[in-house]
Amino acid sequence: MHAKRLKYIAILIITGLCASTAQAVKPTTNRDSLREGRRIYEQACAWCHGTGGEGDGPAGWFIGRYSSPRPRNFAQDGYKFRSTGSGDLPTDQDLFTTITRGIPGVMPAYRALNERERWQVIAYLKSWNPAFEEEKPVPLTFPQAPAAPTEAAIHNGRNLYVKYDCRVCHGDNGEGDGPEATAGHLRDGNNLPIRATNLTDPSAWKNGASALDLFRTLTTGLDGTPMPSYANEFAGREEALWELVWYIQSLSDQQRK
Amino acid sequence: MTVLAVVSTTYAVSVPNVAAIPAFARKYTLNCTACHTAPPRLNTFGERFLENGYQLPGTEDGGITGKQTLGDLSLDDFANYTGVRLRGNVLRGRHFKQQNPLTAEAGVVQNNIELGFPEIFSLFTAGSLTKNIGFFAELESNLEESSTGIERAFLTFNNLGGTNVANIRVGRIDPSATFSFSTLRQQLEFVGDSLNPSADTVQRVGLFPLAASAKFYGLRNRSGTAISPYAPSLYNAVAETGVEVRGRPFGDWFMYQVGVLNGANEAFGDSNKGKDFYGAVRFDYARAANFSASLSGFAYLGNSNATILTGTGQTDVNWHRYGIAAHLRYNMFDLYGLYTLDRITHVPTAALSTFDTSASGLSVALDTYVTDRTLLSLRYDSMDAGGDLSQRTSQSFAGIQLKQYVRSNVALFARHDLNLRRAEDGNAAARNLRHAFFAGIDIAY
Amino acid sequence: MTHDQERLTTRSSDVLSISRHSEGKDFMKGVLFLALALSAVQGISPLHAETPTGTLVGRILYVGPAIPDQVFEVTRDSGFCGAQATIRTVTIHPKTRGLEGAVVSIDGVAVPLSDPAAPALVLTNTRCAFTPRLATGVVGQQVEIRNDDPVMHNTHISMGSRTLVNVAMIPASRPVWKPLKQSGIYTVKCDAHKFMQAHILAFTHPFFSITDETGAFRIPSLPPGEHQVTIWHDTLGTVHQSVTIAATGDTHVTLEYPNHADARKQ
């Protein structure tokens, strides 16, 4: 009798657990979930992104001050961190990744919001930009990284780094001190001065520091910045792009990761 | 002997200190400017982070760090909870019309230039321990004042009864931390005064937001030590021991705060004479483009929280303060001000002829980035002093400071303070200082 | 951005009031010159024959003071690009005083595009400049980006803060294709060579034309009635004017661009 009751309770608990796991799957967007998304947004996001999503929250100006970055304007800006082609909108999963990881230096990781809450916020912030209704962003496919880099591959990567003028912005040693960067020529989509990323300091890389992250950044480019997409240049030559990735990683201690 | 007497009688209150907590920046991999307009000033996001018990606004993150941990502790975690700040003036220049009496300070100095080094070192450990439980502790060593000790230390319990319904702080707390004018978060740092406690005379003014200072001459704490008119006090104290409850139960626009303290100016422990109470409300608007504003008011009701000397000895008095403050932030501008009115009750009738029982003060400050890395700060301070009529001097100062950020956590500054009232000869410290110049450094790691 | 209101005269007939929206950004940039603009005028699809239509024929004049060309020091690849780059701002035909490279369009006529498969707009990096420097197209039309130079460029097309495409173009790159996503004014830049600039104007209708070297333009197949004409020039800004299109035949109009210097004073 007693054991039976325990069993019953155990089933209840397990069912409950399953139900709560199921909730973590991306919920459908409806009026209730948008309302919930708005509530979360106004408590967590609006301080920088603004109550209207225009990147003009009361704390937003101080992040970059007179320089890049400003908080994203969800109503009209493009997006830097994507798995989609240059100029395309991000997928929902891309937005989820950014919210979960944060952006080093400028945006905290919101892992403390549960998965469901993150999806609700994503649905709410997308509602400001009608382009999300018209364009259906399609993620590019990214291959798995080949096995460990060889010295020759890294050497080839260095040649590509020169050939593709990476050093014009990122500098000969990858320290973000290329001639265009030091001359102050680089501007973001709001015409604010922007720095070239220091490739020797992976902890500050905004789009992630893994080999796949670098591969993705080089493929998609960072919209709203001078960083272009190299997808066209490396189409059908993925192994060359991996060599460039490994060379960039060799500038810091990231090559093993 | 004279020198010894001078040294022993030179009294300076501890320097108020709230720094950027670099540990939080490390923990969340953020730049200082995510939370600060310019450290130690908070922006609107930083204010809500503070109110949420060192958790991201809108969450109960409980100190998620994302770092790999080895068991319960790791070095990564240590750095995410601990920060240091080193700062101070390396050059101090003061121009006096005439220095205080020879017996009070060594030498007759018309223009006093001192070299120094960054003498204030603070160690913080703070953060959220687990969901909705946070802590804060600050240890400070101030070589100039030969003082070392716990400045503030408290626990926070957040989001009791629902999101932002009630947040409790208990320990040595700074009540004005969440007020529109946070006493301790000033770009123009406190420059200590010099007081002769035996004679109750101020030998050198302190440069401090005068609205938040004690403002009374001839006032003593319950152990008989003189309270400097320039000391942060009551609601605007560096820290007092007590407990408070605060929240925004109706949404972001309104905040309440109520607290009870052992008593203002209680060194440590409680003489059990009576508790002090305070309450504050704050109204916020943060929904316009690059703009936020707040208006707040408080009442602090003291209970035998100071004494005055009368012919018959030391008499307890009740010292109250009422204040209103506001802040406006728009793009690069951060404007904030505080007006306070102090009243002392239960002063013996016999003493009323020599003691002014009311005082008021006004402080208005503006910080603005003139370039990406240059912060210009201006402050106006005015005090209509109370207390001992023979000493009481009202005063106004204006300060200007340029702070150049070499890195986001390393700044060099130069500052000039000017006495706006007519300078006079003599011992009235508030009148004989014409102007002062400071240069120094501020490093946080 | 400044929004000036101005009056301006039409040479041919009567005085019309014109509201002027000059974009300060365009003034400040004071960018390009439109020598090769005509190559970008693509086929304009006629409307169905049943409806009576008129044609707007006209000329845009500019009689204001000369606006000096912009000269940039070339800091990169100057061995190939030259030590200086000169960007002509305003090109006036000496006889007609016609303004070359203004875009005339009539918005607000709801007409479905009958030929969405327009040929691609070809945008080539040639001798450290974009060719053409001004192009017009319809939403959905492909832009084909090429690089004929022996140096690397990146072609960065954006509207406001939204990027349309930003691609690296090394020497002998294969072309990149990207469709125009929305109507409006796209700016084309090369982040590696600041002096390289161009514009693409995208429309959701076929009623637009670029003025030729004499300042002339022609927009056929318009429904009769009153329409709002928009004239845009990258240096001189945007002006609007209403015209009444006759039920048949050509409606002639000559428009004088507001005096640039006066506009700035206001």
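Going in written order, the chains are labelled A, B and C, and every chain counts its residues from 1.
Keep in mind that, in the parts below, a residue touches a chain if its C-beta (ideal position, glycine included) is under 8 Å from a C-beta of that chain, and two chains touch if they have at least 3 such contacts.
This structure is a prediction, so every number in the text was calculated from the model and none was measured.
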Could you name all chains that are in contact with subunit A and with subunit C at the same time?
none
Innermost chain by mean C-alpha position:
A
From the mean C-alpha coordinate of subunit A to that of subunit C, what's the distance rounded to whole Å?
35
In whole angstrom, what separates the CA-based centres of subunit A and subunit B?
40
Distance from the mean Cα position of subunit C to that of subunit B, given in whole angstrom:
60
So which bits of subunit C are touching at least two other chains?
none
Numbers and ranges of subunit A residues touching at least 2 other chains
none
Of all residues in subunit B, which touch subunit A in the complex?
28-31, 33-38, 43-46, 48, 55-62, 64, 66, 163, 252, 286-292, 329, 331-332, 369, 371-372
Which stretch or stretches of subunit A touch subunit B in the complex?
40, 42-48, 50-51, 54, 56-67, 102, 104-113, 203
Along subunit A, where are the residues that touch subunit C in the complex?
73, 76-78, 86-87, 131, 135, 163-165, 168, 179-180, 183, 185-187, 189-190, 221, 223-224, 226-233, 235
Of all residues in subunit C, those that touch subunit A in their complex
75-76, 152, 154-158, 160-170, 173-174, 176, 178, 181-182, 191-192, 194
